[in-house]
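This report concerns only the one structure given below.
For clarity, chains are labelled A, B, C and D in written order, and residue numbers in each chain start from 1.
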Amino acid sequence: MERPFAITLDVGSSRANHTGSWRVERPVYVDRLPPCNDACPAGENIQGWLYEAESGGYEAAWRVLVEDNPLPAIMGRVCFHPCETSCNRAQVDEAVGINAVERFLGDAAIEHGWSLPAPAPDTGRRVLVIGAGPAGLSATYHLRRLGHAVRLVDGAPRLGGMLRYGIPAYRLPRAVLDAEIARIVDLGVEVVVDHSVRDVEAERRDGAFDAVFLAVGAQIGRRVNIPAGDSAKVIDAVSFLHRVADDDPPMLGRRVVVYGGGDTALDAARTARRLGATEAVIVYRRNRDRMPAHAEEVEQALGEGVSVRWLATVDRFDGERLVIEKMRLNAEGFPESTGEFEELDTDALVLALGQDTDLSLLEGNANVEVRDGVVQVTPTMMTHERGVFAGGDAAPSDRTATVAVGHGKRAARGIDAYLRGATDAPRERHGVATVDRLNTWYYADAPRTRRPELERVRRQTNFEEVVGGLTEQNALFEARRCLSCGNCFECDNCFGVCPDNAVVKLGAGQRYEFNYDFCKGCGICVRECPCGAIEMVPERI
Amino acid sequence: MLRQLEGSRAIAETVALCRPEVVCAYPISPQTHIIEAIGRMVKDGSLAPCEFINVESEFAAMSVSIGASAAGARAYTATASQGLLFMIEAVYNAAGLGLPIVMTLANRAIGAPINIWNDHSDAMAVRDTGWIQLFAETNQEAADLHVQAFRLAEELSVPVMVCMDGFILTHAVEGVDLLDQATVDRFLPPYEPRQVLDPDDPVSIGAMVGPEAFEEVRYLAHLRQLDALDQIPVIADAFAELTGRASGGLVHPYRTADADTIVVAMGSVLGTIKDAVDRRREAGDRVGVLGITSFRPFPIAAVRRALSGARRVVVIEKAFSLGMGGVLATDVSMATLGSTAVLSTVVAGLGGRPIPRRSVEETIERAGRDQLTPLSFLDLDDGIIERERGRMARTRRSGPFAENVLRDLRQAKEGRP
Amino acid sequence: MSHDPTDAPALDQRVHFYQVGSFAVGNRLLNADDRTVQSSAQRTNSIDSGHRACQGCGEALGARYALDAAMRATNGRLLAVNATGCLEVFSTPYPETSWRIPWLHSLFGNAPAVATGVSAAMRVKGREDVRVVAQAGDGGTVDIGFGTLSGMFERNDDVLFICYDNEGYMNTGVQRSAATPPAARTATTDVVGDEPGNPFGQGKDLPRIAMAHDIPYVATATVADLHDLERKVERAMSLRGARYLHVFVPCPLGWGAASNETIHLARLAQSTGLFPVFEAERGVVTNVLPIRRWSPVEEYLTLQRRYAHLVGPRGRPDIVARLQAIADANVVRYGLLPDERNDGEDD
Amino acid sequence: MFQVRIHGRGGQGVVTAAELLAVAAFNEGRHAQAFPSFGSERTGAPVVSYCRIDDREIRTREPVMAPDAVIVQDVTLIHQVDLFGGLGPDGYVLINTSRRIAELGLDDLDERFRPERLATCPATELAIEHVGRAVPNAALLGAFAALADQVPLEAIGVALRDRFGGVVGEQNFAAATAAFEHVTRGREAITRAATT
């Protein structure tokens, strides 16, 4: 049709007018490091696996997870989840229950028999891993994936290290532990148990290993000198828990005092309750705020009838009566004597005052530096002896299972780089996606799903697992609480809110791009991006 | 079929034969009878399909017509006087958008003072809007012009206003030969819009046009009006061929061939003038009359041709431009440029003031004696004027003179000084 | 591992939890049918790139939201009429138009009547599948277009009229309209005198005036809640007769706000109660959008230079309090906060 | 007659700049005429304004087609708008940027115009420093006074004080003065380079 001049125009002709010339700043898409990923000692891509779980892709989620950590069912139970502590959602309502979803995925993998990714072709290199705790298992897994042959040795009759001998079954059922360990062993690992390595250098040479990873843990319970009668039952917590794990629990009597304020002290007290102690009292020299044990554990212990004497030290124990001295905190927060004493009727005293590492096997390695009772290592976990790496509790660390898993991964990468003659440069990390970068208005309101807890009565008397798992619905819900901090999750907000239609949607999984021919630089997309994945940068010139 | 009926009724029935699809109505005298009748026909189903919409103002009436026309419907409305002024923004807009709306203007004076009777002030107020303005001499011609108006509007994509004198024609009952549907259908094809809102072919209609193109847009609209000068006679001829009636066209000369003095006028007064001309002819004066049917576009060439032999041109018009003089006369003067003819303007019939044949004859006589001033007012009551001028001279604030004039008239009637 | 699922907290209401729920534009977790029109790469883009609206224009955004939704609801059988104003000027300066749908601009005050004509044309031609929307700014709606709008309502013509309310005459340089809120500075309501800015008064509450016509549908919406807006357009297009949608569209220029704050400001207008979001059918309120996170009006005012004389150390807390009272009254009138509604009824 | 064209963006005070320049010239007893490019461009869109200065009455109303000076308020316009159209080889160019001309990717500027008539000035930075806001107008006018010798800095000062008053007026004048000195130093450097 002939159109009247000027008055009637053909549709969409304004695309000839490139309003991008109005712009003084331009939006750009960025990826920032989510605080959970940043905080995870195992280096998990938490946001990545939550993203898969959000759409119900649990196996895909689990596969993202085990890229970094082969023990999700275990970590989903024993990890103290610094990811949740740093979770930005905590500042909206409550942190995402990352740990619970991890456990859900781990359990699902066991239930469905998902197998770990197949190892890379054989490299012909051999690595000796000493110690089958979380660090050793993690290193073994990652080394196998890289195609290296691994011999995994442990002094105990069964694999697991502190996971098995330090963590009570009510926190970590043995079936779960066994299943995840078996899955790693199934990757083709040479396992040697009941074998304590006496000399690393000799062992390496004899076995013609190209590298060694030392992950012997901290198995020796620290003792302090407490005046005690000969008949007094005094046992260290590590030995106590180890014997319980070996089905050989010591007889402690009905009134048990545990001395110490860490998680091990709580494990010991709670285990004592389960073994029949009517009174399990923790004596700790400072107050609750300063207790190193995790608050969640303390809460559960108190719920089970464990009592705590805050601000008290053990003075002496004659086998029936324990004398404690009351303390007070000075201005710096350190405990000081008060000179006031009190007696507690006590059948046994469990010392939970920390653990030490037995490093005698390193005596032949003059180059390995031991300081403060632990092996000094580089960022890639190599000791000062080339080819000898160390991690877990034997290296400087916070001595948690998750840190150990992270050490194992880093050591495996370090060993791989060492074997290839390369250097394993730490990867560049994006800036952290802090909460002030988010627009949290967009996230649906949703409190956190609570893992059901066993009824208290039941859990006081047996070793059944205390904290239950999430149902599928619950796990999905929890995963969807993730804010996807700092990484586009394709919510279409930028695409929708642009008044100039200057955002191009590239299709599922492909995210978006800006059409700078038309973007006027108003910045609405940045302001309304829920997860802070867009930034304004000044135009050049 | 020739019938004796009211002018408005004749218009209504003729418009209905033109199959309008959307008709808007807002009451204003003296146009009301037309739309009332159309409304009735839509309601009883005799005019279908047609949407008859009672709107809340003339502004809305024209706006609804704009929307309907832009969406491809044949749109019609009618108005007068204040109503036309109230819709004037939309009147301009309809023309600017090139929408072939047809509107009856029942010519009426414009207030204040408010006045419901006939003159041409309303039509003159919109002469620059871009509408074609056709003036009817009789109800027959008024009816016929509507049929031609739809065809003209739609061929050129320009709106057309058919002007007929309020009351004098609209309310006069006289013989009108109404066409039948088949004849009208033969003459007027269905509306095929030049531009239309259509989901299957989207366009943007009504863009903002800046200095870079506005003058061109306006010039093109002017050319469209010049095209109409060609089309109007063609359509009138076609109509004449079909009906045998000489309705429409650009001008209607009457006894002008050998005339020394030619009166120029528009609308129903032409009949009275023709009578006066005949009387003067009987008295031996060589006079004639030129009726202007197409006021916009103004047929300069046709007027010049018709007036070429005259020594005197007398424009009798029912409107004037205050502070200047005749409106039609100004246009006529463009047609007599270069000629030696003397042009006089006689303003007559304002606000329904009767125009008696005798007064017209006297005017012609005076013209023949070269006694007409360039601008005069027919049958002006000089006494009233003098009294009001005197009052204004005495006191600076003499009040609204309309009221003064009415008081004077009352006093005169009651025989008081 | 063997916990009875009934140990878990009640879950039924959580099954539908989708991370960004219905707040963000899109949501990969939703079924495609449940996603917004705007999240679709196939949306019409009724108003396309290259238009000359200011950076961060709320009206350009609101128009695309509303018309794209109407296009989907009508299966692309849509005609639009536009009043004079910013939207018209920035979208169709010769030789370019930004519209992708059939679009007609006539005058400032006649969009409702023009739409009536378009609608009548469709009806008379038996093309009632083709639907008509008319759109105008607040000036073209509550002031100069008010007469024709009321006429269109009264006749119940089959037109959806959309008002993009940015609370003033922005096209001509930010003058006051009958939709300008009290105390706001405009070019014709300067911040001088005892009552600086626009005087306090009744305002012209067009949604309620529209309701008084008992037309089939009246709704308000903002550019901050796309799902709500699109749902209302869809509802409106499912009905015949005169319908009215009043969309709140912040104007960075006229309000003196940062261009990136447009949606945030709309959200605050709703969450303070200053702009109640609701819908009504046949003159009766049928639904309100509850305030999700309540904010005091000061939070809204502070972001806009048109209210700069009210806040800060030399501000006017007395006037802020009066504006707060207006917001509070809306909260009560429409029951925007569930407990407030009860309070209101007790009064 | 001396004709100035100012390029900026809607909302950046392009029209105000022309007005201030006209007032400054008027304050010097000269004839001046400032006017915007009338249009419907919106915030952020490229816009221009004009100022004419003469010693006799200015009667023309035609648009400025061949300016004697071009002031660029917003350097991001450089590759988007024909900034120097109609400017003759003896024209003046003043650009708001903290960079030097050579750094702007406009190599031909040096060839098209006389080097001593080209200047850049970090007007926005100076405004932030002296006024506390990114309003480059006052500084640009100070810079223009130094570049083109059409209006003295003092006249700019009178116009600024008149317009803004009080502290803000003084702050604006401080920005203008700093810009004046910046450009003056640059011109001296060019002169020295040319003579040695």
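Note that a residue touches a chain if its C-beta (ideal position, glycine included) is under 8 Å from a C-beta of that chain, and two chains touch if they have at least 3 such contacts.
Predicted, not measured: the structure shown is a model, and the values here were computed from it.
Asks: Work out per-chain C-alpha centres and flag the one nearest the whole-protein C-alpha centre.
Replies: The chain sitting closest to the overall C-alpha centre is C.
Asks: So which has more C-beta pairs touching, B-C or A-B?
Replies: B-C
Asks: Please compute the C-alpha centroid of subunit A, do the same for subunit B, then give the distance between them in whole Å.
Replies: 92
Asks: With centres defined as the mean C-alpha position, give me the subunit B-subunit C separation in Å.
Replies: 46
Asks: How many angstrom lie between the centres of subunit C and subunit D, each centre taken as the mean Cα position?
Replies: Computed from C-alpha means, the inter-chain centre distance equals 42 Å.
Asks: Can you compute the centre-to-centre distance for subunit B and subunit D, using the mean CA position of each chain? Integer Å is fine.
Replies: Here subunit B and subunit D have centroids separated by 59 Å.
Asks: In subunit C, which residues are in touch with two or more of the other chains?
Replies: 52-53, 55, 57, 89, 91-95, 97, 99-101, 252, 259
Asks: Multi-chain contacts in subunit D: which residues touch at least two other chains?
Replies: Subunit D, residues with two or more chain partners: 40, 44-45.
Asks: Going by the touch rule set out above, which residues of subunit A reach two or more other chains?
Replies: Each of 6, 9-11, 19, 22, 520-522 in subunit A touches at least two other chains.
Asks: Going by the contact rule set out above, which residues of subunit D touch subunit A in the complex?
Replies: For subunit D paired with subunit A, touching residues are 9, 44-46, 74-81, 97, 99, 104-105.
Asks: Quick one: which bits of subunit B touch subunit C in the complex? Just the residue numbers, please.
Replies: 21-22, 24, 49-51, 53-57, 59-61, 63-73, 75, 89-90, 93, 97, 197-199, 201-210, 212-213
Asks: Contact residues on subunit C for subunit A in the complex?
Replies: Subunit C reaches subunit A through residues 1, 3, 5, 7-9, 11, 14-15, 17-29, 35-36, 38-39, 41, 45, 48-53, 55-58, 60-61, 64, 91-92, 94-101, 226, 252, 258-264, 267, 292-293.
Asks: Using the touch definition from the top, list the residues of subunit C that touch subunit B in their complex.
Replies: Residues 76-79, 81-82, 88-89, 91-95, 97, 99-107, 109-110, 113-126, 130, 147-148, 150-151, 154-155.
Asks: Mind listing the subunit A positions that touch subunit D in their complex?
Replies: Those in contact with subunit D are residues 19, 21-24, 520-522, 539, 541.
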